[in-house]
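Structures for review follow.
Okay, so chain A shows up in both of these, paired with chain B first and chain C after.
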Partner chain A sequence: MRLPRRYKIIQFLIFLGPILTITVLLYAMIAWCTYISMSDWRSAAISLRFVGFRNYADVVSTERFLVSLINNIQWMILFMIPTTFLGLVLAYLIIMTGKETLFRTIFLLSTAISMTVAGTLWVWMYASEGALNTLFKMLGLNFLVRPWISDPSTALYALIFVTIWQYLGFSIIVFEAAIKGIDRAIVEAAVVDGASGLTLFFRIILPQVKHAFLIVVPLLVLAALKVFDVVYVMTRGGPGLSTYVLAYFMWVKAFWERFMADGAAIAIIILLLSLVVVIPYAWYALKRWFG
Partner chain B sequence: MASRAPARVWAYVLIAVIVTAIVVGGAMYFLLRPAPPAPPPPKKELIIYHWWTAGGEKEAIDAVFAIFKERVPEVVISENPIAGGAGAVMKPVIWQLLAAGTPPDTFQVHAGGELKEYVDAGYLEPVDDIWEELGLEEVIPDTLKAICKFGDHYYAVPINVHRSNILWYNPTIFKELGIIEKFGDPREWDLKTFIEVARYIKAKRPDISPVAVATRNKWPLTHLFEVLLLLHGGPEVHVKFWAGMFNYKDPADPVWKAVREVLVAIGTLAKEGLFNPDHPELTWDEAAAKVMKGECAMYIMGDWVAGYYMAVEAKYGEEWSGAPFPKKVFILLSDCFNLPKGAPHPDIAAEWLRVVGSAEAQEKFNVIKGSITARIDVKPEYPDPYRPETAEDFVKSSLVPSPVHGGLSKEAFVTEMHDILTYMVTAIERGVEVESAVDSAIAQIMGAIERTGLPEFWTGYTIEYFITKR
Partner chain C sequence: MKSFLIRAMKALHEPRKAVLKLLSNFKVKLIVVYLLLGIMCFFWLMPFYVAIVTSLKTHRETYTTNVLQPPSQVYIGAWIEAWKRVSIPFFNSILVSIVSTVACVLIGALGGYYLARFRFRGAEQLFFLIAIAAFIPYQVLLIPMTMLLASLGLFGTHLGLILAYIMLFSPWAALISSAFFLAIPKDFEEAAFVDGASPLQTFFKVVLPIALPGILSTTIIIFMNVWNEFFFAVSLITNPALRTIQPEIANLRGTTTVAWNTLMAGSIIGTLPPTIICLMLGRYFIRGLLAGTLKG
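Right, the complex of A and B next:
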């Protein structure tokens, strides 16, 4: 949209308020956090003597950091891929049934409840004598019966599943909107030409909802990078360190051990990891929309 | 499209102008309006933070509020209860209020290292005058005095005392297997006997777990370690280890020997399947319930377990019983209130502390809460079979503070211990050899002592300072 110059100035003035608020509150705080991460604030008393990258070295050299990083990466992949594709497929199927309101309500409900509630619910579901194992026993699937979150080899995946369950509704909504945005004429033309449901999905729908991927994928990746609540509520990073993640490590360091500087250092590391996702995304999106 | 754009822009401008007019107009009104006739007198208020929200605890603190209201009826109590066991949620909140320079009038804190962190940061006022006025020096035992006093000043008034070293057991199982006849009174057991008993129970009754533990919130495992280390190493080793007062860089130091033996004992319990296998999904009270139901035989946990059993009306002598473990030493923790620097109503806070330290409040609070009084001159009639014994031990046994509950050590170190110990147990349960898991745990503990600055934290204090020898 090409606008005359004066409109651009007016637009700029209108956006100045929000821009200033965000700049001051967010970017100044990031700068402040960066400074704290290089200070010696390691007790209840505020202390801001500059020590350089010592805190980063300390944090990165711990076992907890390594475990957290690997867990976060696993979380990113194992959470983002199923949530995105299930979201797309379910959105397509929901539209095909024509009962969108009903299904949307069903799937959005899990997204609507708070993670604290969902986490507590799932602790009970996953318990050795919980709903899930009882169900498997009833169905005769005894090989599936296991202490889901007590067993270090399944705990992380059990938690990742909870986040998929929580975010699926969000993914469905975005894809549903994208699919409905496709020009009906194209779809109708394909149907007239005799395209089957599958062909329609792969040849027509998929290429037309690329922009929805651009919304869903980065947001899910960011959600996986800063995941905290589900870990805090369900396992506190246990059994052992098997569900430790960076955000939980940050919280423990900053607010429990009172090593504010170390906590800030982890926060900055999480930010840098997020930027690895956000910058290519922003670059691609800007190029696509304005380039 | 192009023809409609200006109209939309004008609409935005109109909205922006209206919003700006409202905001600026409102601001101008508040800035320029005539001054109100007279400032209202400052409200008489007590701003207090505590974490007693669960059943029993809440009634206990309400009883103290009632006494306070009787004494100063004009004061409004502005209560900020923040749920979360042991202040897990409240501590970060308080710390931020203090750092921001907006302290409350008083807040709940554990006596000991936890209190010292606030004192070191310069957030608290001494309360020596209140100690003197109430004559607390004469009626509070040395170890508890020591963990309220840093430098030459008292910084908090204790309201209660809990004991951390109790072995809870299921009397029906003990009777059935003849544990006490065979191994003697648990009050006199040593570490070796404890492991033998666990193995014996497993051999006789493979369907039950001999030792209950709960690691969902991790700390109960560190609690188990705390009690076993005291049992095995005695009060000196206990204080040396948790306060970092030993030559921790030398693996040959005798403290490491005791720590290693206790870690091997815990590792053995894990390796031989003597813990309940579902421990990672349980909290401390759920583990206590397993003993009551006869699914586990023994449980090492503080005496808030008695409060839990009474709350769920479990039958004493049939479903639960407890033995001080060991009898001759009392690991104590205590909840206190204090006076932050810059508190908005310091006089009212001082009055609150006088109430907290009073015999009347101590008696009413503790009978309901399930703890015992910090003052030994107050001798309430406890309604349960457990507390008379522990109240007697408080006067007769040796005393040391509990590191896991803020009494000794440093919070950062204890937090790292939670992770190190649960990691060790998990590794062993997954098949790692006990010896190698213990080696790696010791290396990590050594690193944690160094990293968290534990020895520097207690520089200037002696081992004797914390121990009341009896």
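Right, the complex of A and C next:
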């Protein structure tokens, strides 16, 4: 059946109507959350009197906010750099062996499972009589034995490692695809010129996979900014405030202490921080898509 | 993005391309490479190994023996106990994940196809808005979502959670499927249009069958995301009988009465769908992950 031209609008609505509705709703929710963050809703009963930026001032001046923000920043750096670097190196090594399917599957397993389960498995790994300490004792590294996540000085880093463990598989496959996308002629020319494995890696591979960095780094930064599940499952922000992060702080404020307006304010702060990464990322994707 | 995606995908599916041969012909000692990879794999798989071993020990044995050591006798009591606790959440999750995934992929594929194929005024802006919606932190949506569902009388119900997931993951589904639609040739559709088929007929009869691998990848990514989602699951469902699997595992962990062997068995049950998909349909999972980055 041929639809007459005047029904073009109907097709537009059938194809794009649902996703358009959802997109509009999502933006309306962002606007709504912004409004709530400027209201006086600080109890179980809904109250939406406008109070301006008071909640932001209150939230930002708390110790928990500062600690969370610093922890999030640490998380970003200490998670993003090793995951990116290891991902690139491992992708290169894996390609060298020619057994991609095997190694890819091994590293993707931890990417496929949920953060909740990953956290649970690692609580057991980090337990005082757990696998990690047992392993260190077997290797004679007794000075490394410690209660990893109940010690405030190591808890945050132990949690950050769990996210590295989870995202490495993702990083590997992006770099693997990028390395394999390199023009064969360039690699061949370098080989003919007698380049060694290391030279090839630093001089040819590294510059040719720049676009993969532009994918991995922003997405990892974003993941670090949103991190919640691992903290909730493993430490609930403790010991003390040592593993508090913004997303967890937001959840505690809104759903535990019932300071909805304050929770909304933290959520908006997380959003603003993430937009610094998301807008250029989406813009860049747009250019490639339509450009 | 189109060309890079096609190239990357081709590369991923032409094992032992000449480049690899070139790389592996190097004088770098392959044994060192294997050694490094072996150590990494050992460390990366250790949590799974420890979880499996622990789940097969008795409660006593988990405390009296070395954690790395296999059980002296295989004990399945922990698995039975764990299944008793997580079976209902497991099936709740199956229900929620399947319904939301089907809806997301349908909505996403329709939108993604239109975005990939037809140029219309505002297409770029729409793509931009959808891309941002797909990447924004969920935290900002939680409070309004709670209020919306409460006003519809759906807070704390499966339908409410499903609606939340449809809103969260449809933009994703649109972007991922769109990447796959871009990579298939237009010829068949043009032939169908010449034959007088409407775009909707063409979509279901011509495009979908060709794009099936891409749709499968999209489905896998969305399913895994919904299955693994925790933030909304823990906030929107308060009734323990309706709880899905991830909050249940977190809850087991929080309950001091649950022994480690049960907790490990429960965690493994909770990861079964994603790990089985990863092992059996790994290549589609990888394509989906790559398409989900928007740049291949």
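Methods note: the second predicted complex is superposed on the first by the 256 of 291 C-alpha atoms of A that agree within 3 Å, B and C clash if a C-alpha of one lies under 4 Å from a C-alpha of the other, contacts with A are read in each partner's own complex, and residues count from 1 in each chain.
Everything below uses one rule, namely that a contact is a pair of C-beta atoms (placed from the backbone, for glycine too) under 8 Å apart; a residue touches a chain by one contact, two chains touch by 3 or more.
Please read these numbers as outputs of a predicted model, since none were measured by experiment.
When both complexes are superposed on chain A, chain B and chain C clash. Once the two complexes are laid over each other on the shared chain, residue contacts for A:R54 go to neither chain B nor chain C.
Once chain A of one complex is fitted onto chain A of the other, the partner contacts of A:M29 are limited to chain C, with no touch recorded for chain B.
Of the two partner chains placed by the overlay, only chain B lies in contact with A:P147; chain C stays clear of it. By the touch criterion defined above, A:F170 lies against chain C but remains apart from chain B after alignment on the C-alpha atoms of chain A.
When both complexes are overlaid on chain A, the residue A:A44 reaches chain B alone and has no touch with chain C. In the superposition on chain A, A:G237 makes contact with chain B only, not with chain C. In the superposition on chain A, A:G98 makes contact with chain C only, not with chain B.
Touched residues of chain A were counted for both chain B and chain C, and C has more of them. In the superposition on chain A, contact of A:R64 is made with chain B only, not with chain C.
When the two structures are aligned on the shared chain, A:V123 is found in touch with chain B and with chain C.
In the superposition on chain A, chain A positions 1-3, 11, 14, 46, 123, 255 are in contact with chain B in one complex as well as with chain C in the other. In the complex of the two chains, the chain A residues touching chain C come out as 1-3, 11-12, 14-16, 18-20, 22-23, 25-30, 32-33, 36, 46, 90, 92-98, 100-101, 103-125, 129-131, 134-135, 138, 165, 168, 170, 173-174, 176-182, 184, 187-188, 191, 196-198, 200, 211, 214-215, 219, 222, 225-226, 228-229, 232-233, 246-247, 250-251, 254-255, 260, 263-264, 266-268, 270-271, 274-275, 278-279, 281-286, 288-290.
By the touch criterion given at the top, residues 1, 4, 7-9, 11-12, 15-28, 30, 33-34, 36-37, 40-41, 44-48, 50-51, 54, 63, 66-68, 107-108, 110-111, 113-115, 120, 123-124, 126-133, 135-145, 147-148, 166-167, 170-171, 174, 182, 196-201, 203, 224, 227-231, 234-235, 246-247, 249-250, 253, 260, 263-264, 267, 270-271, 274-275, 277-279, 282, 285-286, 289-290, 293-296 of chain C touch chain A in their complex. Interface of chain A with chain B (complex): residues 1-3, 7, 10-11, 13-14, 42-46, 58, 63-64, 123, 126-128, 147, 149-150, 152-153, 155, 235-242, 244, 252, 255-259.
Against chain A, the residues of chain B that register as touching in their complex are 1-2, 5-6, 9, 12-13, 16, 91-92, 95, 98-99, 117-118, 120-123, 215-218, 277-281, 411-412, 415-416, 419, 422-427, 429-430, 444, 451-453.
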